[in-house]
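Note that subunit A is present in both complexes that follow, paired respectively with subunit B and with subunit C.
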Partner chain A sequence: MIRRPIPRWLVATLSLVGFAILIGLYSWLSIRQTQKNPEQTILPSLSGFQAGFQKILKPQGSETSPKPAMLWSDLGATYLRLFLGMLVGVILSVMVGVAMGAYRYVEALLSPAISFLSKIPPTAMMPVYFVMVGTDQKMFTAMVALGIFFTMAQSVYQAARKDVSDDAINKAYTLGASDGEIILDVMFRQILPRILDNIRLQIGPAMVFLLAAEMLVGGQGMGYRIRMESRILNLSVVYIYLVILGTSGLLMEWALLNFRRKLFPWFGE
Partner chain B sequence: MCRFNHAKVSVGRFFVHTSWIGCVLLSAGMLLTTGCDGKSDISGSSTAATGVNGTSLNPSSKPPVFSLAWSEYPSWSVFGVAAEQGLIDEAEGKLGDMEKKWNVDIVLKQTDYDTCIQFYGASQADAVCITNMDILGPANSRTAVAILPTSTSDGADACITVGIDDLDGLAGKATFGLERSVSQYAFERILTLKGKSPKDFPFQQMDPSLAATAMQTGDASVRSIMVWNPFVLQTLRTQKNAKLLFDSTAIPEEIIDMVVVAKDALDRPGGKMFAMAVLDTYYEMNRRLADPAKGNDTLIAIGAKFSNLGLDDMKLVVEQTKFYQNPEAALKLLESQKFQKETMPAVAQFCLEHGICEKNPTVSFDSLDAQLNFDLSYLKAIRAGATPSGN
Partner chain C sequence: MYALEIIDLNHYFGSFRVLYNVNLQIAAGQIVAIVGPSGCGKTTLLRAILGTDPPKEGKVLAAGREMRAPDRDVGIVYQNYVLYDFLTAEDNVAFGLTLDGTSLFSRILGLPNFLRKRREHRQRAREFLDRVNLHAAHGRYPSQLSGGMKQRVAIAQAFILQPKVVLLDEPFGALDENTRESLQMMLLQFYKENLQARAEKRPPPYTIIIVTHELNEALYVADRVIGLSRFHTDSDKGATVVYDRPSPVFRPEDPRDFSKFIEQREELRRAVFEPSYVKHHTKYVSFWNEIAAAKVESNGDSQLDMD
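What follows is the complex of A and B.
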């Protein structure tokens, strides 16, 4: 029967079986490839992964001026860039989105242009952005911010326009609220959980964009390392990084979802 | 399919798809595609097995398929122009003149230089256009046979600066280019020759075409780049403040541009015919370049394929990239004691010492049992005027 419930223990077991299949499939491919060519590093064996871990966890720099191991500097670089870029992008898009939802002339001025720009895939815009924002460290922030801005502004605007009823605004006016108070205390408050949801949904596209930029420029970062190590065919490091990206993605998703549920239980889901 | 792309797509999807099952299915899918790619290699060789091993030709059987990965570079764009001129048909299942002559189906895969290297290492291509230092790494895991030196960089790799006038001014400032590749090699090697310590000159990863674009558009954070042609000339033409700080004329016949075939591909039925077809095509194109009637047109065709450079610039490009125009010139290089006993070992040693390469392969010039083999027999056969039937 469709959607018949199954016991929890079965859900848990099947999830584990899913991962077991994944690992089994990989091992089979790896063993087959190693039989063909013992020197292969495309589908590394367990010892290949050990070497990979050693490489990324080995402290860099010299005795006098130690630097963190590759993994930490890459993780740090990428997530700092992601954080800064998201911060700038979210602040800008919330400001613009709310303004569009609040004032008809801002809406008329910006809405068509923004909905047009939000339909262009950000990665296709990269060559343009590189020319506009340069290639230094600020670039990553700008890239991520620009990459999420148009879609996010569009969603915030939709929320501010549709979720906040005219009734609520008129009631606030009747009670003597100023424009500023309505924007902050009525509109912004009501759409805040929606904004949190959008941040969560934008992390994925932001990462696609950030990693693509890192693959082109930079001396550290997850994207840089993946391109570099895959060129020298050190795929063990690449797989480890992919697993880390997957895991951290799930963690961020889970954290933001729970944060919103805890903070705004009235929002549902 | 390129593994690189799998990786990129899956990264994005990991975040977008929330359910565990989704993740698992996607990853499994990714692995399966990887597996299928491997399989298509095998089936490629099984169709090849129905082909002919050189001696008796059966025209009704499908010729074996071999792929050559190449990127834009003067002596490699030659293959792209050969495709335009009908010598090779880049698609699978279609044959150009040379493919018919040697009864092989050559598939040309054009991509970025570093993706070419990856294609070779990941067995996504049977042969690759690559330099003598960049093959050192991949040869460790996939035995390589260099069959054809196409050219040597004699100014085609250069360090270009804006607002920096000499080496002392460059010290401490970042130079951008493809890290751990021929660019970093040339950069550190020439600095060493000039009595400097490469440690004082940071080299930073940036995609070479992006580095060139950044300098051409006046990006203030990119003051020094180490790139190859067409990027060198394009940048010098477009950015008026650009200065050529040094170039590969300082290290003549040290950077050798080559075509390398994987030993596993050469060993497949028809592998040797593939190698001969590549050489035959390359020298036919060189004859066309040397032909007073067709030379300029061919050069313009390469220029158009390769960049926006016109005839005059292309003449300069060909000077900076000295083609080994015939088998004699190629053999002269590869047979010379200097290249075999001094240049190659020194290049390998330098790469290892400077972390450009993590492990060096064994290199051989007279047998095929090393990890990187220079096999001169194809050049000799072409020089002797070998034909498919007489092979």
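What follows is the complex of A and C.
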């Protein structure tokens, strides 16, 4: 029967089985590849991964001026870029989205232009960013911020328009609210959990733009490292980085979801 | 001064005339029911009073001040509740007190005077919720309340600010029979407070306009019934007030005896809802005359004494 409920233990077991199949499949491919060519690094074995870990965890720099290991500097660089870019993008898109939801003339002015710009793939815009903002930290921030801005401004605007009815606004006026109070105490509070959901959903696309940019320019970061290591066919580092990206993505998603549930119990699922 | 006064109100959409020469004076403490066929302009009139769609011609005065935009002088209760999802029942009721009594600045900064006032507002909201029989639901969010409970919260939310007039737009239309009856009873309770205030020479605290399509509800809950309709001799000019008479007064403890107004119900139905019954629109508009007559008869001791 479709959608027949299953016991919890079975759910847990099956999700573990899913991962086991993934690992099993990889091991089988890796062993077969090693049989063909014992020196292969495309599907590295356990010892290959050991070497990979040693490489990325080895402290850099000299004895006198030590620098953090490759993994930490890459992780730090990428997530700092992600954080700064998201921060700027979220603040801008919330301000613009709420203004569009609140004032018809802002809506008329910006809505068509933003729909148009949101249809251009942000990765295709990269050359424009390189030329206009350069290739340093500012570029990555601008890239991520603008990459999520257009889509997110649209969703915030939709939420501000649809989740806050005209009746709710008129009633707030009858309860003595000013325009500013309607924007902050009614609209913003009503759509706050949706903003949080949007942030969660935009991390994925933001990482796509960021990694793509890092593969093209920049001297550190997850994307840069993945590209460099794959060029010398050192896939063990690449796989480790991919697993780290997947795990941190899951963690952020889980954290934001629980944060929202805890903070906005009224919002439901 | 009247709680609400409508002077020569005309409204039209393009060349389609909706409301024609509506004049009304509503005194503080009245519970006025407005009935009329669907599409007769009840909603248009309501929006004009609320101030969201001011009339093309004429004026709406709330306690003498013209309404050109919605504000705290005219409260509203919608059929579909329109509560704020992000606030608990208690905070929904306190919302008006908060918006009205504290500044955005002090709220954002969480200043001590705001925190003190918030405690006081919550306390008052809790007391009001007790009065509408919702003591158990203080901390619940609207999504956790039934339709009847939501409407009680919405009524408390509008009434706690004691605006000059509260508009109820088909407030019980979406509720089941049983819930509807208990909410009608609640309105009678407010009316009783008005009577008590008047007996103690205080101004009555609640003035209510209830739009409904239920004639029994109109006659049962209100002390004055107004019919809005196009079925009069100037029908091409739009709908206007074709019926305005006192209606029997019930107290919450009285039995729901609809036979008390069976004749008036028939008169009201014919005057307002019968397309073939064309008459001059002032034929059944006699509320203030009847009040004056009753006053003379009983030496000014009328229950409906409005001054």
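Keep this in mind: the second predicted complex is superposed on the first by the 269 of 269 C-alpha atoms of A that agree within 3 Å, B and C clash if a C-alpha of one lies under 4 Å from a C-alpha of the other, contacts with A are read in each partner's own complex, and residues count from 1 in each chain.
Just so it is clear, a residue touches a chain if its C-beta (ideal position, glycine included) is under 8 Å from a C-beta of that chain, and two chains touch if they have at least 3 such contacts.
As the structure is a computational prediction, the values presented were derived from the model and not from experiment.
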Q. Which term applies to subunit B and subunit C once both are placed on subunit A by superposition, clash or fit?
A. fit
Q.
For A:L84 in the superposed arrangement: first (subunit B), second (subunit C), both or neither?
A. neither
Q: Using the touch definition from the top, say if A:L256 reaches subunit B (first), subunit C (second), both or neither.
A: neither
Q. Between subunit B (first) and subunit C (second), which, if any, makes contact with A:A168: first, second, both or neither?
A. second
**Q.** Residue contacts with subunit A in the superposition, subunit B compared against subunit C
**A.** B
(Q) Could you work out the angle between subunit B and subunit C as seen from subunit A, using CA centres and rounding to the nearest 10 degrees? (A) 150
Q. Looking at the overlay, does A:L29 come into contact with subunit B only (first), subunit C only (second), both, or neither?
A. first
**Q.** Which of subunit B and subunit C A:D185 touches, first, second, both or neither
**A.** second
Q) Which holds for A:P265: it touches subunit B only (first), subunit C only (second), both, or neither? A) second
Q.
Quick one: is A:A177 in contact with subunit B, with subunit C, with both, or with neither? Answer first, second, both or neither.
A. second
Q) When the two complexes are placed on top of each other via chain A, what is the minimal CA separation of subunit B and subunit C in Å? A) 27
Q) Which subunit A residues are contacted by subunit C in one complex and by subunit B in the other? A) none
Q | List of subunit B residues in touch with subunit A within their complex | A | 3-4, 7-8, 10-16, 18, 20-21, 23-25, 27-28, 31-32, 34-35, 38, 114, 117-118, 121-123, 137-138, 140-142, 176, 179-181, 204-207, 210-211, 213-214, 217, 219-222, 358
Q.
With touch defined as at the start, can you tell me which subunit C residues reach subunit A in the complex?
A. 50, 52, 69-72, 74-76, 78, 80, 82, 84-86, 95-96, 99-100, 104, 107-108, 141-143, 157-158, 161, 163
Q.
Taking the touch rule as given, give the residues of subunit A at its contact with subunit C in the complex, in rising order.
A. 165-168, 170-178, 180-181, 184-186, 189-190, 192, 264-268
Q) What part of subunit A is in contact with subunit B in the complex they form? A) 15, 18-19, 21-22, 25-26, 29, 32-33, 37, 39-43, 127, 130-131, 134-136, 203-205, 207-208, 211-212, 215-219, 224, 226-228, 230-233, 235, 238, 242, 245-246, 249-250, 253
